[in-house]
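Here the chain labels run A, B, C and D in written order, and each chain numbers its own residues starting at 1.
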Amino acid sequence: MSVAATHFNYLAVVVLMMIGLYVLFSTRNLIKQMIGLGLFQTSTALFYISLGKVSGGTAAIKIYADSVEGRMLAAPLDPDFVQQFGVGGVVYSNPLPHVLILTAIVVGVATLSVGLSIAVRIREAYGTVEADEIEAVTRVDAARVGRDP
Amino acid sequence: MSEIALQVNFALNIALLLMLIAVGVAIARMRSLLAAILLMGVYSLVSAVWLIVMDAADVAFTEAVVGAGISTIVLLGAILLVRAGPVRHNWRMTIAPAVLVLGVGGLLVYAMTGLPEFGDPASPANAYVGRNYLIQTPDEIGVPNVVTAVLASYRGFDTLGETVVVFAAGIGVALMLGFGPRSSLPPLPAAMGDHHVVLRVTARLLIPLIALFAFYVQFHGDLGAGGGFQAGVILAVAPILHALVFGLHETIAALPVRAVRSIATLGVLLFAGVGVICMINGGGFLDYDHLFPPGVEAIIPPGLLGDPDHAHQWGQHFGIFFIELGVLLTVAATMVTIFYGFAGRAVEEP
Amino acid sequence: MVDALHLIGGGLVVAGTLLTLLGGVGVLRFPDVYTRIHAASLTDTGGATLVLLGLALISGLTLETLKLGFVWMFVMLTTPAAANALANAAFSAGHTPRIGAFQITKGVAAGEAGPDTPRRETSDGNKSAAP
Amino acid sequence: MLLAAGIAGLVVAMTMMIWRAIVGPSQYDRMLAANSFGTKIVLLIAVIGYLSGRPAFLDIAIVYALINFVTTIAFMKFFRYRTLSRSLGPEARNG
């Protein structure tokens, strides 16, 4: 197995993160930049969840090893593997990244809307959401203030 | 049967990640902001299925509602307010970012090769802290959903911080969009000749069901996937759907802005109040084992709720119940506040 | 008996998937918005019915079957309503259905240019139906 | 085995929808593709739940079926009325 096969998830995360970064830098439109920021943020979430996945594991909601589901989940796994890495006969994925990302997503949408509301106020004040034009307007204003104080 | 499940999981992981990359590239190339927002919705649907394949059921819940629902609607409201046209592309402006992105991406790929293999159960991330939570939760907390246990009890202080951040973001949006002459849109006349009977009947059926389902997710959260954050965003969808179909003024008449802002505050106070009560009864902040005074603790019959060997779990159950309720109130009210801010603002005259 | 039910259920799931695939081909190949909506919404409800019925046969009489029933109910409620809303929006924006092989469709690009495009006011057939 | 075949078919159908969502040509085609994509996701989640032995994931499928509708209504109002706050249909008579 080459590195590309065993680390495919991380590779995909890097590609997604770079797409987000590219959107962020290649446009001056504030709304599109927010979308790029959203892509970037999602890729971070994907990275955390990828790190927490245990092969052969299941969601971290307790099930009993002798129940139908528990037997079905343990069937294809090596008993030694279950013995070593399982908890009570069931192999779970790591719950800690799930907790971190769960709250991060909700916080993410809240901060996204703060950013968007700033963009809305910028539009109301400057008449545009293109960063170039905003800078041009600011320069004109500064020049006018400088000329006749 | 189950070997197939493992192989399908492996194949789905790769297929969904490739789909994500394809949609991501399409978003980056799209000139129309509207199409980019639509594709963001598709993107988060795909990533939510991927989260289920990665065993993160709770996160998939949140991503589904937030990514495909609320953030799409907020983005739509924002481009209505800024009346943004198609994004202009400038060839000179793509070269420097492309070089930068290739450089940073190369460095990240180089760093990535040092990470443990995907799915390795013995990697440092999986072998110590996460495993300890899995082992100790049945004894110390006694709820089947380990994610809820970690979120609400072990990392309760962190969750309080997140809740306050969400609340603060709600205040920020309300301050920027919810006050002033433009914040109260005059009621728009219903369009002549339009009678969306199908939509109105469907919405009338669905709104109570959405709210009911949110409470199911809330109170089922320590047994299965679910909890305060997930339920909060689902609950917020009910008034949003009402406003979309019956008009914002109807919704504000039923659920005044002031009331929504107060509910958000109440949630944070409830969360912090539980922590303070624990301190009063002799424990640390948010230490639910001391939620009840020792006198009350003594008369609780062991095994009333949960494991008879661990009478303390009574406090844990009620502590998690109350703070999840606080999270629900804050998240739902904040999301509704944000929607009010964007949907209720008048577009300036051209 | 149980194995037979599993087999029938699996067969229904595959049948529903084939119906969904058929709808996918329709969405890719059909010439205008309305025919695509037609293809997608019909096969979505039909495919969902077959898939969920198949899963219900597999799971037997459990709580999961009830949840499958809820999923089915929501899909059957929302997919046609959404298709209705979509066709309504497309029609009022000036998309004319493409009838016949050589008719030139005028408004196909009407929704393309983004929010700046002025919405074309149309006198659609809704007016006559208003109370 | 049959469920795995079902998942494969659904993934192919999802790919078709993504293609339609990316190429357009009109925004309505994109919206249609996104909506239909959501329905396929609902089915995919249900089948994954049964294949991997955790059918409790059906809750998530229910959420998707609901959210999909809300998003479509929001886009429809965007296209038709250019506002999110207008009431659809006659002014409230019974409320």
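The rule we apply is simple: a contact is a pair of C-beta atoms (placed from the backbone, for glycine too) under 8 Å apart; a residue touches a chain by one contact, two chains touch by 3 or more.
As the structure is a prediction and not an experimental result, all values here were calculated from the model.
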Exercise for review: Report which of B-C and A-B is connected by more C-beta pairs in contact.
Suggested key: A-B
Check your understanding: Rounded to the nearest whole Å, what is the centre-to-centre distance of chain B and chain C, using the mean of the C-alpha atoms as each centre?
Key -> 28
Exercise for review: With chain centres taken as the means of their Cα atoms, state the distance from chain A to chain C in Å.
Suggested key: 30
Point to revise | Interchain centroid distance [CA atoms averaged], chain A/chain B, Å | key: 13
**Study point:** Distance between chain centroids, defined by C-alpha means - chain B, chain D (Å)
**Key:** 19
Study note, to complete from the structure: Contacts with two or more other chains occur in chain D at residues 1, 24, 27, 31, 33, 52-54, 56-57, 59, 62, 66, 68-69, 73, 75, 80, 82, 90
Point to revise | Two or more partner chains touched - positions in chain C | key: 74, 77-78, 81, 85, 88, 112, 115, 131
Review point. Considering chain B alone, which of its residues make contact with at least two other chains?
Key: 2, 5, 32-34, 57, 77, 79-80, 83-84, 194-196, 199, 202, 206, 209, 224-225, 342
Check your understanding: What topology does the chain contact graph adopt: line, ring, star, complete, or other?
Key -> other
**Study point:** Pairwise chain contacts, counting only pairs that touch as defined
**Key:** A-B, A-D, B-C, B-D, C-D
Practice item. Report the residues of chain D in contact with chain C in the complex, numbered from low to high. Key: 1-3, 5-6, 9-10, 12-13, 16-17, 19-20, 24-29, 31-33, 35-36, 39-40, 42-43, 46-47, 50, 55-56, 58-59, 61-62, 65-66, 68-69, 72-73, 75-76, 79-80, 82, 90
Check your understanding: Given the complex with chain D, which residues does chain B contribute to the contact?
Key -> 2, 4-5, 7-9, 12, 15, 19, 22-23, 26, 32, 34-35, 38-39, 41-42, 45-46, 48-49, 52-53, 57, 60-61, 64-65, 68-69, 72-73, 76-77, 80, 185, 188, 190-191, 194-197, 199-200, 202-203, 206, 209-210, 213, 216-217, 220, 224-226, 234, 237, 240-241, 243-250, 342-344, 347
Practice item. Could you pull out which chain D residues touch chain B in their complex? Key: 1, 4, 7, 11, 14-15, 18, 21-22, 24, 27, 30-31, 33-34, 37-38, 41, 44-45, 48-49, 51-54, 56-57, 59-60, 62-64, 66-71, 73-75, 77-78, 80-92, 95
Practice item. Can you check the complex and tell me which residues of chain A touch chain D? Key: 58-59, 61, 69, 72-73
Review point. Taking the complex as given, what residues does chain C use to touch chain D?
Key: 7, 9-11, 13-14, 16-18, 20-21, 23-25, 27-28, 33, 36-37, 40-41, 44, 47-48, 51-52, 55, 58-59, 64, 67-68, 70-71, 74-75, 77-79, 81-83, 85-86, 88-90, 92-93, 95, 108-112, 115, 119, 131
